[in-house]
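As written, the chains take the letters A, B, C and D, and residue 1 is the first residue of each chain.
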Amino acid sequence: MSKGKVCLAYSGGLDTSIILAWLLEQGYEVIAFLANIGQEEDFEAAEKKALAIGASKFVCVDVKKEFVEKVLFPAVQVNAVYEDVYLLGTALARPVITKAQIDVAEQEGCFAVSHGCTGKGNDQIRFELGFYALKPDVQVIAPWRDPVFFNRFKGRQDLLEYAALKNIPVTQTKSKPWSTDENLAHISYEAGILEDPDTTPPKDMWKLIKNIEDTPNTPETLTIEFSQGLPTKLINVTTGQIFTDPTEIFLNAGYLGRKHGVGRIDIVENRYINLKSRGCYEQAPLTILRTAHVSLEGLTLDKEVRHLRDQFVTPTYAKLLYNGAYFSPECEYIRSMIKPSQTTVNGQVRLQLFKGNVIILGRSSETENLYDATESSMDELTGFSPEDTTGFIAIQAIRVKKYGLAKKEKKEDLDL
Amino acid sequence: MSKGKVCLAYSGGLDTSIILAWLLEQGYEVIAFLANIGQEEDFEAAEKKALAIGASKFVCVDVKKEFVEKVLFPAVQVNAVYEDVYLLGTALARPVITKAQIDVAEQEGCFAVSHGCTGKGNDQIRFELGFYALKPDVQVIAPWRDPVFFNRFKGRQDLLEYAALKNIPVTQTKSKPWSTDENLAHISYEAGILEDPDTTPPKDMWKLIKNIEDTPNTPETLTIEFSQGLPTKLINVTTGQIFTDPTEIFLNAGYLGRKHGVGRIDIVENRYINLKSRGCYEQAPLTILRTAHVSLEGLTLDKEVRHLRDQFVTPTYAKLLYNGAYFSPECEYIRSMIKPSQTTVNGQVRLQLFKGNVIILGRSSETENLYDATESSMDELTGFSPEDTTGFIAIQAIRVKKYGLAKKEKKEDLDL
Amino acid sequence: MSKGKVCLAYSGGLDTSIILAWLLEQGYEVIAFLANIGQEEDFEAAEKKALAIGASKFVCVDVKKEFVEKVLFPAVQVNAVYEDVYLLGTALARPVITKAQIDVAEQEGCFAVSHGCTGKGNDQIRFELGFYALKPDVQVIAPWRDPVFFNRFKGRQDLLEYAALKNIPVTQTKSKPWSTDENLAHISYEAGILEDPDTTPPKDMWKLIKNIEDTPNTPETLTIEFSQGLPTKLINVTTGQIFTDPTEIFLNAGYLGRKHGVGRIDIVENRYINLKSRGCYEQAPLTILRTAHVSLEGLTLDKEVRHLRDQFVTPTYAKLLYNGAYFSPECEYIRSMIKPSQTTVNGQVRLQLFKGNVIILGRSSETENLYDATESSMDELTGFSPEDTTGFIAIQAIRVKKYGLAKKEKKEDLDL
Amino acid sequence: MSKGKVCLAYSGGLDTSIILAWLLEQGYEVIAFLANIGQEEDFEAAEKKALAIGASKFVCVDVKKEFVEKVLFPAVQVNAVYEDVYLLGTALARPVITKAQIDVAEQEGCFAVSHGCTGKGNDQIRFELGFYALKPDVQVIAPWRDPVFFNRFKGRQDLLEYAALKNIPVTQTKSKPWSTDENLAHISYEAGILEDPDTTPPKDMWKLIKNIEDTPNTPETLTIEFSQGLPTKLINVTTGQIFTDPTEIFLNAGYLGRKHGVGRIDIVENRYINLKSRGCYEQAPLTILRTAHVSLEGLTLDKEVRHLRDQFVTPTYAKLLYNGAYFSPECEYIRSMIKPSQTTVNGQVRLQLFKGNVIILGRSSETENLYDATESSMDELTGFSPEDTTGFIAIQAIRVKKYGLAKKEKKEDLDL
């Protein structure tokens, strides 16, 4: 008799196939779940394989639209970035997949969910905190943290032997010496040879974005329109193509960025569980949209609103996303701070993609008035009294004069 | 009889020449001061001109070394950046010039200092707050904020007429339709045609950094060594050249960056006096050194130290610099937080310059142990118990489960 | 012929009476405006006096309800406090008065507004920034910053002589050697003898709150109920009285606090214009309501939401209020962060007022579940696996072990 | 044969006596360690008992001086406070005890340390993170998180039976229905009947601080001197006593505070492990010293230094201490920020203790000049040009005018 139904995040790969077979062996009934989040994947083959191994059902959910509209776009609005350069491509996908998996678990009457994440990474946390928030009574089966499992499967050889035993077909292609995770926003590379942080990734590792030497020798010009900080139109000025559907905007920004070599990074980052980790990422569409958004904010966002948002909301949101706290009280709170910051972020940015660079050509706004060329002009005084600045400086000077005087009185040097 | 000695920041250009003549006309004796901070300038011609107009003395001070060692290097250590992209090239130069000018004013017995900054910009504040801190009893003469002056000189024509009257030689070259400010870290372009934020700067405006289409088709490889976060060696792997003197390191990073198109930006920024301003900057050496430094911090800096520093010290320091508060109690306080964050930032970064990109090839450290490839490895469990992560997640899950339960009890939807 | 209508914030006191007469002398028509914000004041006498001096009209607006509901209550929700102890009683009143004055100015067709604030204080900024936001084309007449005015009225004697000249009645009571500003939330004392920060205020200065030795020898017990962080009921358990109207709740908290000696402070604070200032405040109702609110948040607010709000929203809001930026983009932004933090702050707090102390007796919530006595119990393990904490600690220990090891390797001492 | 030496934090109470016996039973040799941190305790009885049970050795270390000078005083300098009111009395003691215990463990050749903390509290984390930092190879034995132990000792009855079996003497006094932790800075009460957050603590629970009704009817006046933010002299003006030794200052502040009813709080706080917890604390000396210190900072600390320190350093340090991260890279970093903020905090504060209140009477500084009564005076203009404020306001008004204009253009209401 079944010990109950488990909804397993199934990828079709060796690890989750083994886990599927092992869960069955433990006496569970298994629903195999797979999210289509824009990765390159043979979904039919995965379905066939899951059912062949013994899954009761295979459910594939297309979450691309939710991913773009509910998660990626707010990340663009808030300029989310972790540790200076990582645009959170993997982290942003997790809440979408988690929600879809829990929905399937609920629909299928599963008491538990399972996944193939390792015990050292961020993803286990991202998935599981989401599971617990969305379905507080759920059981989580994490084989790679279960000694029964990980002591049995100590290396690839153990997995292969078990696969043979269970008649699980194994792809003959030699596995790459690194791991990847892909979705429509990015692809990540980590582990294997990348674990030496001084090893330069081989050119043929990079899958999505062209090497700079292979990119076109002429730039391509885009205009990106934003309404309340959300991309609403992408115009390829070079080709005349226009995109207005959010997912189309996102996909085409990605397509163009990849073509022009935009968006590769190579970092050592700090995982939530206090280990450092080397990761390489290709994040073309987020790079382009974020750069354009930041540029438009320069023109249309009030200085203090921007500085306060930059100081607090952006880094906090990024850290919460990275740490897997999307479904949490604090993330709901911080998320509520994104939209009110964006009411004036309306206008368009013109830019060029060329040889890995996103080059700003100009920006404009029909509706916002924070920038006033006459007022800002160095050549005119219309609407501005220079004497005001004298007063402004005098008030600021009160403290620095006291500071200078105190230094003199205490015979302390005031130097660079 | 003289109304006293004034130390004027003199550039040799039209504006400060007019101011020099005008100060003399007002009855002051004038010491002309010029700082060599790495800009392209004919210092001898400036001296000749100042003396010809009537300055009692011309003092030129070479501040390049102080600029690099005391101001630029700490900015690299703290990854200083304003509004996402501006590396503060002009702002960083100001304290160095201010200090040198006050030193000259003190040596020459001047009761006042003067400058040619406009009344709408940041520089007037940066200079004057520095003046008041370094010499609290100093008088500041800011002609462009003095109605007597600015009502007399309403346009270029007035300046030219006065120049003719006073026999001040005027360069015949047609002036560029923008203003620039240059030092060894960067050059800025603003005003004139750039005041329309949607006008793309003409290709021939950019003076220091090559257009990407004109850069070499082969990358150049560097290794940059850091000790306690300070660049100590720059190795041009391609040519075999090695630089260890701080100024040499900085200048060569600049030379290479310019050659490979690295470091141009075009922004609308928020000035301290609450006007928005469009600025274009070429900031090659800071771009390269900052990118390398950030990369090494990934490997060698503790996660929490980095996050705390990023959250508070970096943006606060950048804002203080931008706002001209270098010589202030709060900036002294924040500056004291840079060095303690850098004790472990020791090692080297390998990178390539290519077509506007700074590409990280790898990083390593002989002395620091925060990254441990074995421990971080996805393939091994040495020194790590995956069950620990279960506990870690369970503790984090306490709050999110309550959050999910409360949502259910209140029949509120928990969705993306 | 009139130079136009000016709406003057008129208090009935000597200064604003002089200003009223002086404005008339300058050729303006003057509308005298007075806000009833809960201060002790003879409004009729003020009206009579204003009209006698020559005001065209006297308009008194009762803003107590708006003050409590729109400004004081959100301040309670966010626990607003400036420099550790000042609950912002004066600062909070300013936006309410400003709005009412501009409304009157608009209704009466005034092109300008005027006030009697000195040139060294915070209030001038608070009023004027509000004026400019609410009516960007307004003219502001600030006599105490106008050399024509302040050079004419150099001391009290000049004011008295002008009053005599203009037949302005002057109260014969000797003026107190300090200034006060009062509203229903508090009273402030500053200037005069208080300008020596080491002078203890005389006992008879304090007007609203009883000296502790004069308070009752038995405590009084209250229950305060909150809904979404807003006080909704105040029960005087000792007397059986119940208040549910916001203004009534506020006034009665004030009445009880004053009776029991609650809410006096004496500080040297930092004014926005960079001067330090000694102020004494009596802030009974805000002290009680804020203390109760903080206590309830302990029980009902998620830890991370609280910490993030405390770190950023509370101090930023307090500083913006203090600096007079209520009507600004950044304050609108920060204000939008208050309500989303308060959805779970529902329940009641029991407390005692006694001899200057607000003593918490207990707190409870029918609807919120964040505190679970069983789960938190030190005596039980229900619903909690102690092994989880082992994992939690182990993950946290990863970094500190590396830290300790590095210290040992570098032979650095790790000591207190 | 012994499994090795363990250094056990031993209190003489039932729990740690049982643990001592159990460790012996498991085959360990045990060194009993007890820190004298100012708690009321019969150290001799504890020694006798430990040896009777079977400890090889009993080591008691007096850490009062280190506690005051190295940990409590910096906490006063930084005004440390957690969640608005908790002055961290327990948390601050932990690093001192941890360091002493590791020192003993090293001296005695122990491979492991052990403690009697429960699995739900903060203390286990505070001790263990310290252990791991100070001695990264140490083994930690935490019986209350070890199923072998906690499944055997499920309730007090099991402990008593084991005590009888092992001849461990049990005090006959009925145990109080709450737990306490005491040191010279404070005492905490939690658990037992306090776990209902709406239960008012019985009057006779409070051990150190007098009930307000039992305090003297006349105030007592103190002067506290600070040098660089550190208390250097406590003068009891009423009695004439003077204390200059740090520990004496601290103890006498405590003695006087307790006498006058100063320093009780009752809160629900957020533990590090994400449980809420009700705690009552008596924290007399920290309350007095912190209040005095904050007051002196008003007079002597630069505005911006204070605000930056308040915004970042104080809350971060408090949270790190609370969470047990004293010995960590980030805490070392934050701790380095305390001293540089205090260079000007020199002077004295006069205050009264009366009926639970700390009443500031005045403050002064011979050496610092940030407050200037003349300059701040509302009655004089010496050294201040009111027109400067006009310019200051005008510059600030630029943004708010644009904000008001945009609201009007967009027909949005700008209201309270």
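In this text, a residue touches a chain if its C-beta (ideal position, glycine included) is under 8 Å from a C-beta of that chain, and two chains touch if they have at least 3 such contacts.
Fair warning: this is a prediction, and the values are worked out from it, not measured in the lab.
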| item | value |
| --- | --- |
| Set of chains adjacent to chain A and to chain B | C, D |
| Duplicate of the C-D contact set - from A-C, A-B or A-D, the pair where over half of the pairs recur | A-B |
| Where chain B and chain C are represented by their mean Cα positions, the distance between them in whole Å | 40 |
| Cα-centroid distance, chain B relative to chain D, in whole angstrom | 42 |
| Residue list for chain C, restricted to those that touch at least two other chains | 273-275, 302-304, 311, 328-329, 370, 387, 389-390, 392, 395-396, 399, 402-403, 405 |
| Chain contact topology (line, ring, star, complete or other) | complete |
| Contact set on chain C toward chain B in their complex | 302-304, 344, 368-370, 385, 387-392, 394-395, 399, 402-403, 405-406, 409 |
| Residue numbers on chain B that touch chain A, as the complex places them | 66, 70-71, 79, 83-85, 95-96, 99, 118-121, 124-125, 128-129, 132-136, 142, 144-145, 147, 150, 179, 190-192, 195-200, 212-213, 217, 261, 264-270, 273-278, 294-295, 298-299, 303, 306-307, 310-311, 315, 319, 325, 327-329, 350, 354-357, 359-364, 370-373, 375-379, 381, 384, 386-387, 389-390, 392-393, 396-397, 399-405, 408, 414-416 |
| Interfacial residue positions of chain B with respect to chain D in the complex | 273-275, 302, 304-305, 308-309, 311-312, 316, 328-330, 332-334, 336-337, 340-341, 395-396, 398-399 |
